[in-house]
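Going in written order, the chains are labelled A, B, C, D and E, and every chain counts its residues from 1.
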Amino acid sequence: MKAENATPQVILKDVRKSYGQLEVLKGISMSVNRSEIVSIIGPSGSGKSTILRCINALAPVNAGSINVAGIEVNDPKLDERALRRRVGMVFQSYNLFPHRTVLQNIMMAPLQVLKQNRADVEQRARALLAKVRLSEKENAYPGELSGGQQQRVAIARSLCMNPEVMMFDEVTAALDPETVKEVLTTIRDVAAEGMTCILVTHEMRFAREISDTVYFTDQGRIVESNNPKDFFENPQDDRTKAFLDKVL
Amino acid sequence: MKAENATPQVILKDVRKSYGQLEVLKGISMSVNRSEIVSIIGPSGSGKSTILRCINALAPVNAGSINVAGIEVNDPKLDERALRRRVGMVFQSYNLFPHRTVLQNIMMAPLQVLKQNRADVEQRARALLAKVRLSEKENAYPGELSGGQQQRVAIARSLCMNPEVMMFDEVTAALDPETVKEVLTTIRDVAAEGMTCILVTHEMRFAREISDTVYFTDQGRIVESNNPKDFFENPQDDRTKAFLDKVL
Amino acid sequence: GEVLDKIKDRARVTVCTNVNNPPNVFLDSSGTAKGMQVDLMEDMKGQLGKVVGKDLAIELVPTLPANRVEFLDRGKCDMIFTSLTVTPERQKLIQFVEPYYYAAGPGLQTKKGVELKSWDDVRGKPICSNQGSSWNVPLERDYGVTIVAFQTQQEVDQSLRDGRCIALVSDDSYLQARFLTDKDGVWKDFEIQKLPAFSEGPWGLAVKFGDADLQKALSDITTEWHASGKVIDTAKKWGFTPPKFSYDMQDKYKKQ
Amino acid sequence: MELIAQFFEELYHRTGWNFSVLYNAWEAKKYVNGIYIALELALWGLLGAMIIGALCCFLRLVRFAPLRWLVTAYIEFFRNTPGLAQLYFLFFGLGSYFQLSTYGQNGEPPFLSPFKFVVIGLSLQYGAFVAEILRAGIEAVPKTTKEAAEALGYGRWAALYHIVMPLAFRISLPALGNNMAQIVKSTAMAYAIAVPEALYVAHEIWTEHFNVIEMMNVVLLTYLGMMWIFTLIVRLIERWLHVPGMGR
Amino acid sequence: MTTIVSWFDPGSVWAILIPWFPLMLKGFGLNIAISALSMLIGIFAGAVLGALQMSKIKAIGAPARFLTLFLRNSPWLVIVFYVMFLMPFEMRIGSHWISFPDWVKAVVAFSLPVTGYISEIVRGGMRSVPTTQWEAAAALAFGPVRTAFSVILPQAFRQMLPPTMNLYCSVAMATSLANIVGVQEVITVTQTILTTETKPGLILPAYGTTLVLFFLYVFPISLLSRRLEKIWGKGIQR
């Protein structure tokens, strides 16, 4: 699936990020092409979420540069909202808005942020709900859904903004195996349509199956990156080996 | 490891349990021998947690009978605390007491409930902490530990009551793969010492490796039970097949 | 009687009174009570002391309308001695001592230049008053006045100055007294309206029902006050113009 | 009505229990009017407090620091001083200085009646409390929810308006309900500046008739009744705003 | 005192007010004493009532809830009046008359509503501790009393602190109602000043002084409560 010679759409150059004394990212460089699917794996606390949060400017970086589809993210005059229209993000903890129904959750941002036409948005939202196989839940509140269902709504909500890049942060970590399956299927569908995807996951098999490139992070650095086959079958770095060894 | 012809230590007979209108357990029967290790697997919401909660009387049953080491659990005059001294339980969400240090968490119940001698309890607690490889954290507060560490403390806390039966409810569901490994190792150690164990888990490989018997629940019923080899290699029921199929 | 015995036992007489009622009773900044009624109380203390054969101390218990009857009934004080107007309804609840010791009618104070010829002229108009004044309800009910009542005299006065009401109502003799003693000219822009007093209510000492001895002793004391002109003298001392009631009583008891 | 009046008049003559408000038409009218005024004070005070509280809450989020200090000073001052003393300050301080409640030359009604002063006083005092409650509510909205809004491209104020405030308001409802009850009780301070609400009238009546105990009972029932009404209103609002999965 | 007075114009309002300050401070001392004592009593009684409210036994829980509701919703004035009405003023022991000081009655009176409010705060606090903690305690064979005191209440403490401090501030300010039982607290003293002194313009400085007194006393308490809330907030993370 890898599109060789394609234009890079997300470029990180030597990105550093500290929380107070703690240096969390110690020089991260990566480059993701249009329509590429990239997985980031690594132990807990190694900075995976922080990378994603830096990319859509939820967390400011201390040094280095990030460029997303031509937008310089660490430009002081950055229009954050313009950036976030192009970069969708789905969180581990779903973060649906509990006071709105499923359909409203999906339609809110396109209507209120992009000021799009209600009829269009509604049509698109319904189509997305169908895609995540939740059409019959459109009037339910998030509190009435199971975890996997909520996660799928969160994905649909992000997609309804028509982003160019989608980021998924451990979206299956708190789910049971069956539901994990449902969510992964949804992500696979999204990826199959040619959207650029960056995903942080603990599901090694899934990462292997879906990615064009796998990055392994440890203690704020990218230790190794490779195509999935070589990465899993023939890891180079000792830390990667130790990690893959522990993961059942 | 299975002890044939042993005396059953936990016996459930046609247990039924409803929450309001919803019948959650629709006639559960099982029997666990002394020193046997039993795994319960099944889809979310199928009643696995409820079975455990009924066994130690956290949830009252509506019909059927439960007998734990000679104690009739649905006797109206049940001495709940006597029962719970014999049955330990570790929860998915750890549930450590956040206002007490690790060592205090482990020692509280033996001191305050069993009124045991402080020196003895302290010695035992330290030994258990060593066993879960957390000796150096004895004065830390739960908030200062990682999820996996907290879960191991929770196991030590339960063990310090010297229960006859230990129950583990999806103790690894919220952990990252590395930490999962740590916790499963601890459970394996416990089981190896001959304690009766009932565990609910989503880690199929682990269930297969450690159990004497595997139960599969779906919609409040036990659909299938067997020794692990036959269960995983040759499932009989369609629902079991479908489930095992979906689990990555 | 029980109460008199108690007074004797303790060598102390306790009196419920409104301590925020100048110049009848008021406290100075050291907490000492002063005023016309305080002078009368002192005299009463001496006379009661003779009755019980002991030197008595006097203790003032500050009261509010909400608690004075309770305090009397339950023995926190031996009597109520304040500007308590006698009404038939009240007579059912407490024992007034006869003869009553004083009387007052309502007086109106306004800015200079306000012409009020009869009580009908204030119908529907706002008049400032003190909360707990016995004129409030009759004025509202019988004369259609809108009473605007505050907790302290300063507030009443301030409200009149601010024009929150066209007049303030108070005991007529109190108003006269304060104009007579107004050395600083605080009230130079104000005047007392000359209206017929629609009622002059007698003030009575009140005790609990059932102690005839105490009642008798107090009755003797008030009788003596009228006969000797003690009330009239004390009132004059505090700047009051004694009411007609006082002179009538003096005549009545002098003759006996 | 006639019968009730007769009954209580009879009661008075027989037993001395003098519920004069219940048979004396003039007093009954005044007292009912007093209750009406108390309710009206409570309603307007509540409205004012909500408006001021919400306004302060917004102003505190503004980035201009002096404005924030000013609002904080207002809140601290009004929360930490007796409401009665505040009322005197408004009425005899500002009111007297600016001649706000002076009757005109020809008896024109004043600019602000004592009633309006009480409404202003209640609004200012309880507005400070509402501001605090709402702030706590905003802080209680999970950070992850706010981030989700940001990630969807919401600006600061849009997120506040569409997502944070609706949630904060629901979270704050119980505390706001308590506050409302407090306002109802505080309407009684109106008696200090001669607004003839229920307690003021009761005071007038027991001064006249000496029937303090009877009137205290009437006052007690009156307030319990008013509180009951307001509790019902809060319940209604709670039910109306209820969202499945939030709270019970 | 006379030196201070001499700083002011003899005719100024402060020259009139300052001689009253000792009496005002004495009154304010009563406000503080009454509020602190009634708070202390109310906290103990309220903790018990709050725990009873949580009881699963209907015959205990329902009356406790009703009592709490009643105590919270009754006007303080009425409660104070009832205490005055129901408590004797003095008792005869042998030949001696022992009288209860008025402030004792005020303390009793204010501890009643405080009990109601604390009861509700305790209930809310206990409910704020996640069910899983109750279950963990049950699974470790803790009994109800141990569960409450060893596990739940220490965790609920942080939740309960701010409303308790707020309540204390309200009580301190409501103690002015103590004049019903005959306590000459600071607002009563202020009113005495305002009836005794005839010079106009005293209202604002007099009430202003009480306002400042209350603020100086209550504000540090509310600051302290914020500080404690932050400190404990760090200890327990959820």
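We adopt the following convention: a contact is a pair of C-beta atoms (placed from the backbone, for glycine too) under 8 Å apart; a residue touches a chain by one contact, two chains touch by 3 or more.
Keep in mind that this is a model prediction, so the values were computed, not measured.
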**Q.** Graph separation of chain A and chain C (steps between touching chains)
**A.** 2
Q: Could you name all chains that are in contact with chain B and with chain E at the same time?
A: none
Q: Could you run down the chains that neighbour chain C and chain E together?
A: D
Q | Relative to chain E, chain with the most remote C-alpha centre | A | A
Q: Could you work out the angle of the rotation that brings the CA atoms of chain A onto the matching CA atoms of chain B, rounded to the nearest 5 degrees?
A: 180
**Q.** Averaged-CA centre spacing for the pair chain C and chain B, given as whole angstrom
**A.** 83
Q | Approximate Å spacing (C-alpha centroids) for the pair chain B, chain D | A | 53
Q: Find the geometric centre of each of chain C and chain D from their Cα atoms only, then give the gap between the two centres in Å, rounded to an integer.
A: 37
Q | In chain C, residues with contacts to at least two other chains | A | 66-67, 70, 151, 155, 158
Q. Counting only residues that touch at least 2 other chains, which ones in chain A make the list?
A. none
Q | Residues of chain D engaged with two or more neighbouring chains | A | 92, 96, 212
Q. Where do chains touch, given as pairs?
A. A-B, A-D, B-E, C-D, C-E, D-E
Q) In the complex formed with chain E, which residues of chain B make contact? A) 56, 58, 80-82, 84-85, 88-89, 91, 93, 95-99, 108-109, 112-114, 141, 143, 157-158, 161
**Q.** chain C partner contacts - residues on chain E that touch it in the complex
**A.** 19-20, 22-23, 81, 84-85, 88-90, 95, 97, 99, 179-182, 184, 188, 191-200, 202-203, 206
Q) In their shared complex, at which residues does chain D touch chain A? A) 142, 144-145, 147-155, 158, 162-163, 166-167, 170, 241, 243-246
Q: Would you tell me which residues of chain C are touching chain E in their complex?
A: 6, 9-10, 19-22, 26-31, 61-64, 66-67, 70-71, 74-76, 151-155, 157-158, 161, 178, 184, 186
**Q.** Touching residues on chain D, where the partner in the complex is chain C
**A.** 16, 18, 26, 92, 95-96, 99, 101-103, 107, 110, 114, 191-194, 200, 203-210, 212
